[in-house]
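There are structures below to look over.
Consider the two complexes below, in which subunit A is the common component and subunit B and subunit C are the respective partners.
Moving on, here comes the complex of A and B:
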């Protein structure tokens, strides 16, 4: 009976943005049953975008980024406790303290964590940081405020670039080591990565591209790093910004389709089990999910975007308390933003899902432009730099599968607007730093065998 | 009646008190309706929003190739320029006004604005008859914009006369010879511009904390305004900075007095005011129409509009489109998902929106306690001539 869906027990694992928004939405949708939110961090939900921006700049402290609640979700918050597994048959979430939480419906929103430096001994040197949590940001901000001689940032994705930008704004010397040919190349492709490289260098960043860091050095405290080109960087702070790892290990024995690329779910946020059969009572939302998107040929998208966490959480919550025919698909066009080196970068669609790009408006020289991405003759993404108000137009082109390149005649039109050049995006299987868009997503790292029961 | 004369009928003064049935007729007639004068009228929400965001649509009247209703000879303000010039000038004007360079400017005026509204509301004494426009809705935003820009109170009347002349010339309407009107506007603009430039010059090196001081003392040569641009764009800031707010406040009082149930609701819960202001911007917006010109032939829901044609976006119609808003003709301060186009959208999204919101909230907040027993003396009240910037000329009420 449909009415029953508004009652019963719902457990949400993950107490960050997606978990909170889902909890709020469940109540807005009329859920009156018991609601439990489990989070491994001791804090109530907080916002992460300011951690790599305002917090590092000293404009806000890490403990002031708590997420405002749109309404009290009237939930039982189980914070500071880790979920260790799910028993799909018994419908229970297992916690590390030995307790098990029975559920009628479960939402998994465990997100991602920072990809750690692979050598644990080097990673534990004092002065080596990752940036994902409030503690990370607080510790790093403190170190930056103390005025280090030089900061080494490993990885020039969005997080790495924002950290480098914040360091320069604070007047700190910074070296960025990026294994790709330019910053942001993994997310935005070749054209805009050229602008990103210019911005780094114009702002005094010592940018090293095409190199990897082979070792971190120090005796208790970090003192420098060795690079693959044989050079050495002396620095007293190191930030490892190599992207994120999805928090799925706790589901290894659950029988859900959970792997390094995330937990696969259908368009309605319902999780698949490991045989690709959709579950009725387990839902997924946020960074940890992989979902099929019709605008991108139903390939499984993994997004580490703030907006995706919010929108997917709302769809998941709706579908958890409404019967099949009233359920909604998660179709939001992906979008994200970044601010670095005084630039406002906004993206809509999936830039890596492209074969060609054009600079539709503005120019690289003006540092104000709109780049439109196309795949097989249709518009699939757009990125604006300091031109955010134009983004809705391009979003509409993506939503309506408009032909690529976009029609001529725009004001402030670039000379290059008709010249489609290869988008120069990397193979997503090689991506290591986010915000990750892994379209194919499948990693054949675990061979499954169908076990016949009994 | 023929839909190709809708624009003529909308701009006909006789229909000023209630253009909304004409907007309904417009939406019925299709998304893009060709007018007898060759222009197109757009009244549906989704098409309006798409065109406001479309970089192929020019805001520059000089992009017109079709016969223009009036000759454009003067240098346009950024309101009627395209990128990149638009962006450069808007950005220069924005620096002393809003984020990121002056994040606190508007909000820091809130206390002063609330104080002003209290002082002005003192004439609202039981038993008196007052004119909401002359006694309240007009003086408030004029005083605020004068203080913001740094114009001395004593010169307000000068500015009022210049403004009236300029606004009259900015109206749309197929009426005949506008030469006299345009000449008067040219002269008003020149005098007003000269005045503002001279005022700013006095503050070069001697800033007095206002926007004119900031503009003239801008140290970055890349964003500093030339004398001509300083004149044209501060005129825009002055006019746009109060002209519309007067109508917003007067329309607000009129709407609430016509709906005592909603008035009571707001009197009981003034916390609803911010939402009520948004609903007013949807339901009775001060700006009814904006003109755009396609730079290339453009397709609007199956109709090809040739490059250079005048396209009138009926924003007030879009905000009452039943395809977008449920029960659009109902005034509902608790309406969810109220994405009206009262401030436009896209790159020309109203520059002064944050200030307008504060002023309207403060104004209605100060008036609410006095409106419970008030009644309209004249309904509909006499309206101003302008069809694009629509609002009552007077709003007499009995307290």
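Moving on, here comes the complex of A and C:
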């Protein structure tokens, strides 16, 4: 029987990074059956990180970021067609063109999309953009090249900050409006967000924090926005960088455990149904998944990280073609990077899963440092700024649940216990953008503080 | 030919910048920017850069062809 897993029909829904890497890995693992990859965008898989960097800087065009294949997965690519549902009993994926694709095993890798501006009329003004797809990036890059008077960026998460950075590098005036107290505060907490705010301002960004945008104005074309502090920003381009929405709506009737936080699965990438029962033939990978992680108290993690899409896709593919005892768990330590204002920011672990931080190497003043995050006396994350080579060391501390503050050898000077300062991770509901990492599990000692009025 | 750098792995050794400066470029001290579509006359240099990368973060290959079905 196990041999049968290398044959049959596999359908992958989602033709981006996770979908492509899973397709390659299935063949690598010896799958010889039929493989179909469904994607709602008309393009073959492409890489998104360059869209907010190289493409906005004018160094590459949006249509040149196609992902290289590691091997040809010999798949039937159904691009430009949206999946509209799954029939778990009949084992069929339903497509918008009316066709049904039968499967023996299914991988869901539908990712996320940009959260749109909530007012559709305002969102449709000419000059208002989101940034997620190739088309988004191409359109925005064209506007930036035309030399607008001012760009308004709504939201100072990673995408918003990278856009602001690219605008300044092109010599464009830019205003950033952030609901929280500082850029990146939702991802990195208080200490590094202060550095981020300094970097914005030193590079000439008109950074407004603690404000929301209440309305976008314009008559056909965007001309400016109203802010909650009563001020108005005149601009001719607006980028809405409010975070991402998981693409789960198509599964509403499926009976799978799919919700706004993603599709719940076990550590082996097997999807749960709505009763919390694990499925045997439906797998999940990438941004759309949420999975339990032992390093973070088995809370369900939702990650929007490039590396997670790759690693989880490989685990899912392995488990799709191997019997139970040979299956392996997805236990990778989360990690991500960002380049903005000339700084290379990299992270391992979950910085928001912290109560205190210490600066273990370097300093904020030097713009070169390693910040270690701890939760209840153990190391849970580290972020480096222009110190990428140190990161592997901290990753090891996280994997081994090392004590916090970190042991001797983890820093370039003595760390007194009282140097640990609160990590100042804010309530996500106070941010313009959504969190790029969300812990969505049950943590008994925090349950009372998690209740949000209104 | 397309290239992608796994920037989760990249530690800023900049060997690629040295070997294929028309494709790889440092942005600040250690941020890496690169040309995603590799010009034909740079493919060999990118191969060398990929081989020389201490953390093996560079992948070079064809993309899924547009007419794939």
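The definition used in the following text is that the second predicted complex is superposed on the first by the 421 of 454 C-alpha atoms of A that agree within 3 Å, B and C clash if a C-alpha of one lies under 4 Å from a C-alpha of the other, contacts with A are read in each partner's own complex, and residues count from 1 in each chain.
The rule is simple: a residue touches a chain if its C-beta (ideal position, glycine included) is under 8 Å from a C-beta of that chain, and two chains touch if they have at least 3 such contacts.
Because the structure is predicted, anything quoted here is derived from the model rather than measured.
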* To do: Quick one: classify A:44 as touching subunit B (first), subunit C (second), both or neither.
  => second
* Asked: Does subunit B (first) or subunit C (second) touch A:53, or do both, or does neither?
  -> second
* May I ask you to name which of subunit B and subunit C touches more residues of subunit A? => C
* Asked: If you stack the two complexes on chain A, which partner ends up touching A:389: first (subunit B), second (subunit C), both, or neither?
  -> both
* For A:368, decide between first (touching subunit B), second (touching subunit C), both and neither. => both
* First, second, both or neither for A:306, with subunit B first and subunit C second -> second
* Looking at the overlay, what does A:343 touch: subunit B (first), subunit C (second), both, or neither? -> second
* State whether A:175 touches subunit B only (first), subunit C only (second), both chains, or neither. => neither
* When the two structures are overlaid on chain A, which partner does A:65 contact: first (subunit B), second (subunit C), both, or neither? -> second
* Interface residues of subunit A shared between complexes with subunit B and subunit C -> 368, 389, 392
* Structure fact -> The residues of subunit B that touch subunit A in their complex are 49-50, 53-56, 58, 82-84, 87, 294-296, 298, 307, 345-347, 349
* **subunit A residues within the subunit B interface of the complex** => 360-362, 366, 368, 370, 389-390, 392-393, 396, 407-413
* Any idea which subunit C residues touch subunit A in the complex? -> 1-4, 6-8, 10-12, 27-37, 59-66, 68-69
* **Of all residues in subunit A, those that touch subunit C in their complex** => 20, 43-47, 49-50, 53-54, 57, 59-60, 64-70, 72, 75-79, 305-307, 310, 335-337, 339, 341-344, 346, 368, 386, 388-389, 391-392
